[in-house]
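Next, two complexes with chain A in common: one pairs it with chain B, the other with chain C.
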Partner chain A sequence: MSAKDHFIIIGNGPAGNNAAEVLRENDKKARISIISTESFSFYYRHRLKDFISGRIPAEDLVVKHYSEYKDKNIRLRLGQFVEKIDPEKKILYLKHMEKINYTKLIIATGGSPRILPSLTIFQDYLTMFSTYSDTVGLRHRIEKAKEIVVLGGDLTSFSFVKSLVKACKKVSFLLFNDAFWPISLTSEMILKIEENLKSHNVATFFNDSVEMIKKSKSKYTIETKQNNKIKSDIIISLMGMIPNIRFILGSSIDTDRGVLVDAYLRTNFKDIYAAGDCAQIYNPILKNYWVSIGWMNAEEQGKIAALNLLGDSKIIEPPKEEIFEYEGIKVNTSWWKKF
Partner chain B sequence: MSNTDIVLEICGSAGEGTISSGEIFNRYISSIDFEIMSFDTYPSEIRGFGKCVAHSRFSTQKIFTPGKYTDILIALNDAHSISQLGHLKDTGVVIYDSKPPKYHEEDKSIVGWMEPGMISYGIPFNDLAQKAAGNSRGRNMVALGAVCALFGVDHEEFKNTIIQRYAKKKQIVIDNNVNSFVEGYNWANDNLTKIDSISFKKGKNKNEKESIIINGNQAVAKAAIDSELHLYAGYPITPATKIMEILSHELPKKNGIMLQTEDEISAIGNVLGAGFAGKRSMTATSGPGFALMTEFMGLSVMAQIPAVIVNSQRGGPSTGLPTKTEQSDFNAAVNGGTGDLPRFVIAPASVEECYDGTTLAFYLAEKYQTLVVILLDFFLSNSIRNIDEPTPPTEKMLNSNIAPNEKELKDYVRFKETKTGVSPRSIPGTPNGMYTTTGLENNERGKPQYDGKLHTKMSDMRYRKLNSALNDVPKPKWTGPKKDIDVGILSWGSSAGAAYEAATIANKNGHRVAVLSSLVVFPVNEVDLTKFCNESKQILIPELNYSGQYANFIASYINRPVERLNMVSGLPMASEDVLSKIDEMIAS
Partner chain C sequence: MNNNPIKEKVRTNTILYSKDPRDLSAIAKNIPCQNACPANTNIPGYIRCIYEKRYGRSYDLNRMYNVLPGVLGRICSRPCELMCRHGDSDLGEPVSICYLKRSAADLKSPMHRIKENLYESSGKKVAVIGAGPSGLAAARELSLLGHKVKIFEGNGKHGGMLMYGIPEFRLPRDILNIEVENILRLGIDIEYNAKVGDNITLDSILKKFDSVILTTGCSLPNQMRVEGEDLEGVYNGLEFMKMINDGEKPEIGDKVIIIGDGFTAMDCARAAARLGAKDVKVNMRKTEEFMPIDEKEKFEVKYEKVKFYSLVDTQRIIGENGKVKEIEFLRNRLIDSATASGGRAAEQIENSEFTLEAETVIIAIGQQPDPTSISSKIKTDGNWIKHKKDSFQTSVKKLFAAGDCLTGASNVISAIAAGRKCAHEVDNVLTGKARKDNVVRFEMINSTDRQRSFDFIEKIEIPSLKFQDRFKSRISEVETGYDGNIAYEEAKRCYLCNLKYEIDVSRCIYCSACIDVAPRDCIKMVEKIDLKKDPSGKLIETQDWNKVTGIVIDTSRCIRCGVCYEVCPMDCIYVTKTELIEYDLEG
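== the complex of A and B ==
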């Protein structure tokens, strides 16, 4: 590779960072840039819940400090959003109105909070979070709040509730078991979860759903189908993630739910790869696409995409490890069964 | 209330309203009782186009320097603003135009160059200004609106400041500016999530005294008017031209005269002519013009004619660096000219002192019938502060000429020997007060005479005036501990501010650092100087010149080694610069 190469990685999560590391290890000369919307350093998303509930300071979220990028001559462009890709001309168009040329590209843009269609009319009343900046203001609001309702539709919601309880909040939990992400909960699981939440003094509403949300002053009232009325200072909706690929649509890079890639993590364009939560990967044996979630999967995919970009031919295997664990229930999240 | 101390910069191209938005910002921030210190950088005034920066530091504390590192940078123009990132703090905020008319090429956008940790807020300046006024002129106001939304500023009060600023303009201009501001404010409120922790809701408690926003040049001009200046003669030169510009409006209102001469030689000649006639007169220039004036400076001293010269120093030598600041005319101010030329040299350290130093200059020039040089510099000339309305000169200061009494007029001896060295001076037209005077050495009656004995006596008299004036000028300012000083800083002119701030921080850190600075740098008050140096284990002299002109000068008085901090970067001295030198000296 030559110094004229400019490898760009979109996304500063585990996939993007691992890709950048591998690229630099194997190519000392090329320009390497990471572009990411978020202004905060590379951090552990799963610790956000503890940060929100005031249990850890922001420093404890950080995986990697800025100086480490400088040391490796990786240019970190934070707070910058890629709005459009022109894969023919190999140009990225950034929201702040800059054009950047790349020679090879890795898309590692992760996902954003999903909102259930049935809840979109109440969107303004719901608080969602998946990034550090989402949580900065929220931390303050949670600190002041006494009663909190969690609309739980994903695995994160359980551990988040636990974190709130530890912070001495009065918590109510509405389980969306028929729209749960990324797996379908078995009735055995649901029972265990309910039992567990109750033992932590969480008010549970398990076979119910939201009928109406009203707001008066700064207080919300949720009216459920089963005529329950739950009062709350904040309503937090945790319903899983959808891949951040909107900016790619229309670029002629193939997408479905995520960016479509082959087992080498290559897109339909020769020099463009995708890795992590945003990728939808072809499995030659199953002859179907799979989408992975989870930190470790993202790390692994980042590495493989980078190696292949440099000329290797590594195939990504759907991981066998169990990534999420909740009170003894282990879930293999390598398959994204539902949106 | 916790302390607020923030540096905000607005950077744009000439014509984008950079300086005027800085001015509005300063007015508002001053009205909510922050202490401000601001500094505008224009494109080289000689060339006319290019980068403008309005730099403002505001604080709930007393401040003396414009601050080295910026907290908030408003980029009205990406290309120009990129180089300002070099002194943006690690967690600094950039506010930029997120929708310019076309895409920037790679690396031509400010956001692209931001370091991780810095925070950017994109606001569609252009679109919002277009929406508000149908043109993009209000981009600067959109930016100010966003600033108000982001940092918790009362937008209604701010709006009033805009209205006041444009009060003399047509209603449409006011409306366009206000509407652009409101668009920016609303858009930022609706669309931005604040992720920085900066806020500047209000300043310190209300001060009873009226405050004014003024820069060094304006303070000099105001003081000159208040000192009943009658004639200003000058030739334009950066950074002193503004003084002339102001006086061209203001002097005629007071029946004074502003005369633009063909060059600096003529300017000082006119000043001496008016001075001889008993009228207060002055000129203002910079290094190259000052060099041309040295011949007439000699005449002022020899013929004992009051004259005030402002030299606003810029980077030198020769035409040098017209829009950069430096303190490298100290030697020229103190020693410039031929022969033994006793004169007063006044070096204000702040905008307040620009006023006080100028009123003092007229007083001294008239009373001691000699030349007074006021040393400003580019930074001080352009540095904007909100200061309490200054105290105008007293009656005594306004009428300081020592005129001959009736008895003396019976047989008038113009250069009569006196204890103080000051001979009563008659103003032309005074009955029986006629005399002759020239640039030649002369006897007591003004008649040319060259014998050695007389020259010795007259030289002695001319120097004696200065010494007797030492009790007539403010004593040097001694701040910090009076005894057992680890580092004693001898400071002069505009770099004194950095010395005060650095000393304050060093003292908070448990050291003993004091500063001695004098408004009148020549003649030297040796009593205070000696006392200060005796109490100081080490002496530091920070100044903005390469050779250490003040350090070399003071060495002959204090007879001991001094540490020097010399900088010629073109920028004002920062407290950080002095502080690191102090730390180094204490550690060694």
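== the complex of A and C ==
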């Protein structure tokens, strides 16, 4: 590769960082840039729940400090939003009106919280989080709150509830089992979850659903289908993640649930790859597309995308266990146990 | 309006008219919503009326071009909103043009007086075959132009796909019936259950009428041509929706698979959910991005818990004891294609077969016209009616065709626009002269009371029934509409692109105050204006003050916020209201 190369990675998560490391190890000359909408350096997202409930300080979130990028001659552009990609001209358009040329690109934009269509009318009353900046204000609100309702539609919701209980909050939990993400809960699993939450003194509302949310002053009341009225200072909605691909729509890069790539993590454009939570990969053994939501998969995919970008032909193997079907797409969740 | 036929700009006080192609083309560029509307509806005009709470006037402005405003305000495919300037990437979301149209229809007085401009009777008789939107629009226009019209409708009710395709939870039938009645009241005769090519011949109609317009839509469902299509429990989308709209309640079970991704497929999915199906899946060959429906419709379908399955291709429908049991699919990938929509086609992935269980399968993969069932005389190319280029004239003398039967399955606003245009062509033939033409009307106005703060109002979604209330009755209208206050707030969002802000260069002192306050790059320093006789002229910009010969507002970028007008120390910015109007050539 020549010094004229400019490899850009959109996304400063595990996929983006692993890709950058591999690129730098194998190419000392190329310009490498990481762009991220977030202003906080690379951090562990799964620790956010403990940060919100006040159990760990912000320093404990960090994986890599700014100086480490400098040492490796990787340019980190924080707080910058890629608004559009022109794959023909190889230009990225940033929200602050800057244009950047790239020679090769890795899209590693992860995901954002999913909001259930049935809850969108109450959107203004719901709090969701997936980034450090989402949690900064939330930490203070949680500190002051006495009663908290968690609308639980994903695996994070269970560990988050436990974190709140440890922080001495009164927690109510409404399970969204028919929209649970990314797995379908069996009745045995539901029973176990209920038992477990009750043993932590969590008020559980299973087989129920949100009918209405009202706000009076700073207090919310959730009215449920089973005529329960639950009071709360904050309503946290945790319904899983959807890939961050909105900004790609209309660019001619193929997307479905995520950015469509083959087993080499190549998109339909030469020189553009996708890795991590935002990628949707076809696998001939599964006879299906799969999306991998998880830290370790993102790391692995980041590395493979970078190697292939540099000329290698590495195939990403599908995870062999714990694959669940979600709206026709296989979702791998094996990593949750490893954390 | 000026009484003389308009040849060039004529000044009447502060009102000017022009037929200059450059002015007509500027209108198209400056008012993107109106240009995108197949019927050229005066959108900023009617939105402004809503802001002024003149709902009746707003309704009338709509009805001039689109004879079913209350209907379209509910189900229009909204090509205008896709092009609305407010939806440019740096400006937020488009104005809710369609909901506003509905609000004018809902909020006007219940006994609103409808005004029609009637021409003298011509003594000519025209038959229209098919009482869908296209036929109704043609019939109304021909009636206004003085011709005696009779509609032959094959079904027992009028409305075409509005009655038999679109479900009642999207379009209440009282709204449709009132608006159709308002058309028929012009003295139009209608004969129901008159199916041309079946119980009445085209020839007999051609003999009795001076002209005949075919507006029979698309009634032939596309077949998938896969094994199992004839199993019990497999329907085509049109047949299924007709059953639903006739009030039938077919037994469909819990697991329903819809194949297709257009209007019909979505309606079938939502109707299936209302029949009590627990697991409704919409399966499509490509991805959501390529679905020919808008984001709002996608949202509504998902809200009703219908699941989308993308990148799948049906291989065969598998049955047991003559009844559908499951479907075998192959996965698809997207590939380049010069002919497919969006430049991408679906390609099957080898050895990727899988099956999904189903108790009912509804195939809604489009429909085609069926002209040969009407008469073997009509020359066709496959199922497509042959017609003169840029004309509605078919191969049969006196026989014209418009709407979906000519273009293939499209949408209601295109069908209405085509019906009206076809009526004008028929009128030309019958009278031997053109009676209407388009002209640009310019009116100098002092300023506008639009405030910059209006630009930051967020789009207001239409209030709709909550999930559980949608299923209490199969026909409850899902969208409940804007009230006057919401309509007023949403109307404020419209930039009123029909206002043209210009700088009088002779007064400009080049202080650049306007450029400094401009919200985007809408005011340009110009070296030269490359004027042409046709609309291809353009601004030659410069950044070098020494070369600047004028400061010009780029009307295609201008959001009519008025801040330049406020700040100009020399009062050299003037505002003109520009409107495309239909001009009566006979005066």
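Note that in this section the second predicted complex is superposed on the first by the 318 of 339 C-alpha atoms of A that agree within 3 Å, B and C clash if a C-alpha of one lies under 4 Å from a C-alpha of the other, contacts with A are read in each partner's own complex, and residues count from 1 in each chain.
Definition applied: a residue touches a chain if its C-beta (ideal position, glycine included) is under 8 Å from a C-beta of that chain, and two chains touch if they have at least 3 such contacts.
Computed from a prediction, not measured in an experiment: that's the story for all the values here.
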Is A:Leu76 contacted by the first partner chain B, the second partner chain C, both or neither?
first
Taking the superposition as given, does A:Asn177 touch the first partner, chain B, the second, chain C, both, or neither?
neither
Contact-wise, after the overlay, does A:Asn101 reach chain B, chain C, both or neither (first, second, both, neither)?
first
Chain B versus chain C as contact partner of A:Pro117, first or second or both or neither
second
Applying the document's definition of touch, where does A:Ser41 land relative to chain B and chain C: first, second, both, or neither?
first
Have a look at where A:Gly137 lands relative to chain B and chain C in the superposition and call it first, second, both or neither.
first
Determine, under the contact definition given at the top, whether A:Ser252 touches first (chain B), second (chain C), both, or neither.
second
Would you sort A:Glu211 into first (chain B), second (chain C), both or neither based on which partner it touches?
second
Between chain B and chain C, which residues of chain A are contacted by each of them?
none
Please give the residue numbers of chain A that touch chain B in the complex, ascending.
39, 41, 66, 69, 76-80, 93-101, 133, 136-137
Across the complex, what residues on chain A touch chain C?
83-84, 117-118, 120-121, 211, 225, 249, 252, 254-257, 260, 268, 282, 284, 287-289, 327-328
Residue set of chain B touching chain A in the complex reads 96-100, 102-109, 111-112, 114-120, 122, 193-195
Quick check on the complex: what are the chain C residues that touch chain A?
89, 281, 287-289, 299, 302-303, 305, 307-312, 331, 333-334, 336, 343-344, 349, 351-354, 466-468
